[in-house]
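Per-chain numbering from 1; labels A, B, C and D assigned in written order.
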């Protein structure tokens, strides 16, 4: 298993599902950011993903997965700003080269690409695990995805495990003291609040689980 | 009747009683001023009368009624500001000459002095009856005082009638449209609110009724 | 009430103490009498300009003392006109020998106290004083039988333009003339999103629900002419600009100075947005903005809201506006 | 939420439109890219200064564009760093041929976006860019393992002083040097009486009861380090001044520039009162105030509160401070 192919259409579904999910959770993301940040994470992500969807709508047929990911990343860098713009932008920009030039990628390649993306986020933001950032959702997700595929799970099964890991990572940010991003200014006062970026990252992985495994067939 | 003498000590009692009454009603006066003005009438009158009391405390024995009234008027002009400073200041400043140079004045002279004071207020502020100002309490009070004394009432009786007239004049400001002072900016919106200056003026007359008739004996 | 104050009774004098310490080069402050002088007052041979009024409108008036504007300002209690003694003392000390102009906002208290001061200045000190009363607020109906219009945004313009005229060496009549001309050609209208809170009272002067705004307010927390539902900036601009344009009969081709003034708690982000709306409306009306000013200049403590003032300009007024001014609140050309 | 806005999504661009209309002589505004340029940019042979950041801090940064300060400012969404494209575009257009200094407030978003822009400027456009990161807020513990200190009040000082150095003809290294020296010698601490309200959110970022204040706040509505009961201005001044003095180890005889900065909704009456308290504390500590500044300069939308910034001065910095500056928000000497 894990030999499903992910093509540009599948990636589109993923990104569109993420955009819908962000729009739906916009107020929640902003409310979380109000607690330990500056109350704009929902607006930021929604602005960015709305722009990404507009780009997708204008994408020509035959666009490769890599080109699509690059376009998504550049659009986020161009439209979001703040911390999440460069970070989410880097995630997709770094996924692109790992996707090569093919019209579709297999599950293993997708997992590697996602891993490369998350490494890019770490390189850009210098956050480590337990710094109370999106990394706390993204890194466990990549690990779960890779472990599942290695164990022979289907892409859908592996992505579901990844989504569960991202959710757990997101929840685990609650008791942490923030050491990166705006929440770090609060020191001990950041304890007891869920990180907004980890929350949106968990939505990203959930959107993958609900689209990528399914669309291609598990 | 009406032949009681008012000396400097009696005037002191009056002014001190007024000062106490203003202090007691400070919040009310300010609240009324908040409705149709700028929320400072209580503070203004209290600042002024506190200064007057301080001057009284420092007054040398033998000061004439006229000198006392002049000092009170000048103190109010010097310390109050706003509309009420010049107006109440003028009231006492104009009472002074009418009190002559004697050590005490009789009830008729006091009534004339008060009348002169109120005329001074009209001259300074140009308000007419029913403009919704302190004049609406002061003018009826002077009229009632003069009428009572003319009818042979005791000073205390006449001052009680004057106080009742001032109270009635104050209450009658409620339905009026303000045409003078800050409340006039509100136009029709000033209807339904009691004028703060008429309210403090009624306190002034009430203080006279509770001190002047009594101290000298009615 | 939460404010950066100690005892509310000391607000004015403690704030003036800060003004004195912050501007030792520009100003000299008499804390006992609550008078702010320009550092080099009296300026011999120059007509002196005095203004003043209740506190709570900063930078008006203390922030407009300095070269090219006021020679002194008297500070009253919050929202309470200063007293004649202050004005007399200031008039004496700033007189440069060629007369003094009193710039008085049209409020009963201010007018009476300045009148008494001018009488005393003439009688006791033999000084030559001319008074100009500012009444530019179109929210108030003008009438012989009332207190008349309030003085609001135009005060700042009169202080600047008459100040420049005095600096040029104009005589008292000439300076007073400029002041009157500015007042006659300026109109204002204001609105509030929130009430202000007078420190001594400690609670808002009026209650304004989250869904409503006050239109036609003054600068003392007095309620406005009417209460309307919250509206977009575009419509609020219309509510302010339309009555101003009508009242002074501004017409196509007129060149104006446009002032969008913050009431004290309005961020610049919003004031500039309002200025954009105001400028668009003026363009539509064919009125040309020749000079503009955006910021908190004539405020009402911590009130959120704004006012619009338009002054019809002529070449001389433009020249006087551009003349150097060196005050804490307005500064250019030097 | 009551604000002078239309659609909250358009706040930034509509406000910039007002800026453009209000300052046609001083500024040129690219509304599409949300960049404010000084009217005569690029200035040949002069090191270019670029700053920018989230909107909601006005007059920072757009109000500090002009002769003697910034050549351009990029405006992000409210409280959200602008994007690399804007910075790249601005860097290109303001480059006078001798390099560009990026003045970046130390926030994760700002730093990353400016970094990407600087990379692009070097790679794609071959431009010489040096970045200086401002981090003066002592409310935040400095540490290698965190985002570090925030950039707040010192930003304005860096923009003014490095701007003056550039105007004098200093080269890129020299201008960057001044900027770093200012940052190294400046410290700030802020407090809030109320939260601010981000237009897109429509309700206050945090709830602060009538009886409490936040100490150690930043300029983005982020909660502070601690919440304490409401206190008199005198004690609040102590809470702000003491940690600043300690952190930079200011000592007797030091000459400083003291900035008492309003957070956006604080009346000048209160800011000057605070300045009086701050000056008194500095006097007690033997620190001499050589220059001062009081007003809303680095704000946080409609937050009520203030911050104190102290900069240790040397003769050169005093000279650069006094040099002419012609911007909407800071102007003297011309």
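We take it that a contact is a pair of C-beta atoms (placed from the backbone, for glycine too) under 8 Å apart; a residue touches a chain by one contact, two chains touch by 3 or more.
Everything numeric here is computed off the predicted structure, so don't read it as measured data.
**Student:** Give me the set of chains touching chain C intersected with the set touching chain D.
**Tutor:** Output, common partners of chain C and chain D: nil, no chain qualifies.
**Student:** Name the chain whose C-alpha centroid is most distant from the C-alpha centroid of chain A.
**Tutor:** Taking each chain's C-alpha mean as its centre, the farthest from chain A is B.
**Student:** As a quick test, compute the distance in whole Å between the mean CA positions of chain B and chain C.
**Tutor:** Measuring from centre to centre gives 33 Å for this pair.
**Student:** Let me have the rounded angstrom distance from the C-alpha centre of chain A over to the C-alpha centre of chain C, please.
**Tutor:** About 55 Å separates the centre of chain A from that of chain C.
**Student:** Taking each chain's centre as the mean position of its Cα atoms, how many Å separate chain A from chain B?
**Tutor:** Distance between chain centres: 76 Å.
**Student:** Using the touch rule from the top of the page, what residues of chain D touch 2 or more other chains?
**Tutor:** In chain D, 78 touch at least two other chains.
**Student:** Sort the chain contact graph into one of these: line, ring, star, complete or other.
**Tutor:** Its topology is that of a line.
**Student:** Dump the list of chain pairs that touch, please.
**Tutor:** Pairs satisfying the touch definition: A-D, B-C, C-D.
**Student:** Hey, which residues of chain C end up touching chain D in the complex?
**Tutor:** These residues of chain C touch chain D: 1-7, 11-12, 14-19, 21-22, 55-56, 58-59, 63, 78, 193-194, 210, 213, 230, 232-234, 236, 264-277, 279, 289, 292, 294, 296, 299, 301-302, 304-306, 326, 331-334.
**Student:** Contact residues on chain D for chain A in the complex?
**Tutor:** 54, 76-85, 107-109, 112-113, 116, 139-141, 145-147, 150, 198, 200-201, 205-206, 218, 220-223, 225-226
**Student:** Once bound in the complex, which stretches of chain A touch chain D?
**Tutor:** 30, 34-40, 43-44, 47, 77-87, 124-125, 179-182, 184-187, 189
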